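Chain lettering (A, B and C) follows the sequence in which the chains are written, and residue indices restart at 1 in each chain.
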Amino acid sequence: MSPTSASTATAIAEAVRSGERSAREVVDEHLAAIEAREPELHAFNLVMADEARASADAIDRARAAGEQLGPLAGVPIALKDNLCTRGIPTTCSSRILEGWRPPYDATVVQRLAAAGAVAVGKTNLDEFAMGSSTENSAFGPTRNPHDTSRVPGGSSGGSAAAVAAGFAPLSLGSDTGGSIRQPAALCGVVGVKPTYGSVSRYGLVAFASSLDQIGPFATTVDDAALLLEVIAGHDPLDSTSIPQPAPSLRSELGRGVEGLRVGVIRELTGEGIAPDVARRVTAAADALAVAGAKVDEASVPAVAYGLSAYYLIAPAEASSNLARYDGVRYGLRVDASNSPEMMVASRTAGFGDEVKRRIMLGTYALSAGYYDAYYGKAQRVRTLIIRDFAAAYEDFDVLLSPTSPTTAFAFGDKTADPLTMYLNDICTIPSNLSGDPAVSVPYGVGDDGLPVGVQVLAPAMQEATMLRVAAALEASR
Amino acid sequence: MSDPISRDDVAHVADLARLRLTDDELDHFTEQLAAVLEHARDVEALDVADVAPTAHPFELSNITRPDEVRPSLDRDEVLGQAPSTEAGQFRVPPVLGEAP
Amino acid sequence: MTDTTTTDLAAPDAGLPGGWQMVIGLEVHCELSTATKLFCGCPNQFGSEPNTNVCPVCLGLPGSLPVANDAAVTYAMRLGRALHCEVKPSVFARKNYFYPDQPKDYQISQFDQPTNIEGWLELPDGIRIGIERAHIEEDTGKTSHVGGGGRIHEAGYSLVDYNRAGVPLVEIVGKADLRTPEQARQYVAELRSIILAIEVSDAKMEEGSMRVDANVSVRKADEPYGTRCEIKNLNSLRSLVRALDYEARRQIELLEDGERVIQQTRHWDEADGRTHTLRSKEEADDYRYFAEPDLVPLDPSAETLAAIDASIPTLPADRRQALATAAGVTPVEAAMAVERGLDDLALAAIEAGANPARVMTHVEHNLAADEAVRLDAANFAGLVTMETSGELTATQAKQVLAEMVETGGEPGAIAAARGFEAMETGALESLVDEAIAADPEAWAKFCAGDAKVTGAFVGYVMKATKGQADGKAVTELLRRRAAG
């Protein structure tokens, strides 16, 4: 399943632009791959075959008419099913939104269309992006293409599996506590969580607003950079969007790591990390040293509190973001004799257990008498984490850690105890709390032969340096 | 240190969040939420009184838009998504009382 | 809530029995007259077809995000500064509660860091009423109840229109400084004048663009505050005064009967003249406020605030004071002219040398609020001078003024065209003599001190002169004749 050079997004776009291949031919090939293996994997909630062919044909016509084609001309892309697509069902893998057709497109969806990308489907996820295995999807789990008895990770498991299975060279996910990076690691693909505010959240169905960020999945660092260049940049429809143009990333990738200071995060390489995963992180550090980087151990003490802070902040925001699913304006309604009862009946029937758990946790953390002890405290811890990262970045250009403590686990392994599942996110959560970017790069396999991901972290808006390091790791495999 | 979350707390929180739980679910969720909150005690124990809270990773301010009209949605498209409508409006069962 | 001492010093009489005193605090919601809603580009427009001014943002559709309206923020700060508030760095917060007219089931409002804090407003008699805060928030949609006569508790179902959802509001939370329904009325009237003067809202209570909720309690003077009730549905100043009167008496009756006042929200019913229980507030609402993560803080620069201050015109209190000083009256006496926007005209006329008392009389009795625009101040002054010099009688002056308002003409020309020329005293004297001769019986009564017959003589002269004689001059001549 390792990508051939002809199947990368950059190669496809080049071939379509030059006329060597038609967009239609490319999309048909990918739809055939989907048809062959989708029943086994369930990466998609919806395959948009007709729409995909129609947009591919439109690109071919545009080329025939002599129009300038975009940077993703004819490139198939899978979209996480929490990104709004006009007139096309957007479910968040929840019964409560089943059948909802948004009357608008997310900003990223618009930018993809403008760049010539061809959306092939909406991918499965843990309900409302709450989970680390896609087992919380109301429509059944996605399977890991490397071993179908294992989870693909989550919450963007469908997007990771789609790229890993060759259903599309690119996909988009969202990352609130690791939901891009962890499934990327478990499925052996590249996954980027950009700087908070660098990609517009307009049209991303919110889980935790101060942590959510949309980002790319790809088979190569170069492809991930290409996609990020297309979707990043200021959007006036998102007040938290950083008012700066999208950075140039691809041009930096080949610069190597000579002289870069790389710190391996001590607090994320010891206890709780499987030895085979830890060994791959060491191997990655060694490879960077060989390539000329100055590698040393780094300390970011407050990351130890990341999980606790995250599981107070994210549910608190989620409890409010998910209040709107009340059966009045869209989505599921379970009838009752009065409105308060109708709301209770609709929400009780429409949400799965994990969503209910987090709504209740967040409601509790915000409720009178507990705000200061929980939510207020967690926000102060967030400040500590930001400070500790800032201190580490005085000495280092980038930081290194595992992405996930283990390789892909079996279905049902961690569903009984929510806390065990949450512990999957210890390495990824700190970047969401700090707002800084991070990327997971496939770096060999564990003892079970399944992919291991190494995480490269960087200061805000330093995606170019971060991806340079990721590209060096990719080259050293 | 706060007391562990009780069954009554969970019932109250479910009520605030407009969720109905069976007795079994109430037991189950109480146990699970207590475990998560128990883990969060490491945060509870930290002395961060002098640390300012972060609501947002970056310090942006004064982001506004000009007061210019933009097109609204087509009403049929909006109401087409609703469970129940009447006379161009969203229809709901009796609301029982005024908003709080 | 804190109390300002100025009010207690004044301690006006609410006409309550047995040493009872009212304590009133008002919360006023004011819709800002921006072109678009608070967080989206939908029109902020009253009276459109239901659900036509809606978009993903104001419908709270999944994935949508708010972006604050620059004009709404500026208007809110302008209102804050006009109320002498401190404009602080502020953040939006979510107020979480479920209700069908609330599209996101939370309202974006402000909580612990509102835009405006600690201001005051001055009533015409000089009493200052404290303003605790004036914060920005979004309005809800509108629910109408079908069946059961449209009453909320008996309706068969309800319909929701989200055109109003997201319309920008400022909530002005006044301190519990008011002591009488009349003061409350003055407070709202004054607030409305300020809002109109700074042009941030049309402030129409009847249309709901200005909504008043009242917190009322009663106590014996010098005792601590009693339990308060919140009264809603006050759609006019008249309702406000009636409801406060009713509610105070209801609470006093309860307390005098040895019962207690229960903290609750009550609904004013204009038809039966009573307040009715809406819901008990014994269990405090838990709104789970937290900083709105989809919006960033507002932190106006010194330049921004200076520009806002510069945009505020002279406010009603200062205008009352200016006119009072010029006209030699009290600010209360100057209030009506200011309320009607006629104070600039009056000031200009007085400055041009017109008699202040006559100017104030015309402004109060002979001019309507919207008439100042067409009236030239110099011409107005000229008219008053013609009147005080005796060239025109009061009645003539009133007629000339009416024509000036209509045509914008000059008083001398209008008076001449109408044939209003000062009647010579000699001519008037002979007419008075004629009148006396015509009714010797009445004259005898007049000389005996019976003023009731004056009208008969004045009427005679008026008839003879087709209304052009000066009634006062006639009366004066009669007195002189009687005095012999």
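By definition in this document, a residue touches a chain if its C-beta (ideal position, glycine included) is under 8 Å from a C-beta of that chain, and two chains touch if they have at least 3 such contacts.
Only a predicted model underlies this, so the values are computations on that prediction, with no experimental measurement involved.
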{"item": "Busiest interface, counted in C-beta pairs", "value": "A-B"}
{"item": "Centroid comparison with chain B (C-alpha atoms), farthest chain", "value": "C"}
{"item": "Where chain B and chain C are represented by their mean Cα positions, the distance between them in whole Å", "value": "40"}
{"item": "Centre-of-Cα separation between chain C and chain A, whole angstrom", "value": "56"}
{"item": "Separation of chain A from chain B, taking each centre as the mean of its C-alpha atoms, in whole Å", "value": "23"}
{"item": "Residues of chain A engaged with two or more neighbouring chains", "value": "100, 103-104, 210, 236, 239-240, 319, 323, 326, 328-330, 339-340, 343, 363, 367"}
{"item": "Set of chain C residues in contact with two or more other chains", "value": "56, 59, 67-68, 98, 100, 158, 160, 286, 288, 293, 295-296"}
{"item": "Sites on chain B at which at least two other chains make contact", "value": "16, 18, 55-56, 60, 63, 65, 73, 78, 90, 92-96"}
{"item": "In the complex, chain C residues that touch chain A", "value": "56, 59-68, 94, 96, 98, 100, 103-106, 158, 160, 284, 286, 288-290, 293-296"}
{"item": "Residues of chain B touching chain C in the complex", "value": "16, 18, 55-56, 60-73, 75, 78-79, 86-100"}
{"item": "Chain B contact footprint on chain C (complex, rising order)", "value": "34-36, 40-43, 49-56, 59, 67-73, 89, 91, 97-102, 140, 143-145, 152-153, 155-162, 232, 265, 267, 278-279, 285-286, 288, 291, 293, 295-300"}
{"item": "Chain A contact footprint on chain B (complex, rising order)", "value": "2, 5, 9-10, 12-14, 16-20, 29, 32-33, 35-37, 39-44, 46, 48, 51-58, 60, 63, 65, 73-74, 77-78, 81-84, 90, 92-96"}
{"item": "In the complex with chain C, residue positions of chain A that touch it", "value": "82-84, 90, 92, 97, 100, 102-104, 106, 201-206, 208-210, 236-240, 316-317, 319-320, 323-324, 326, 328-330, 339-340, 343, 363, 366-368, 371, 375"}
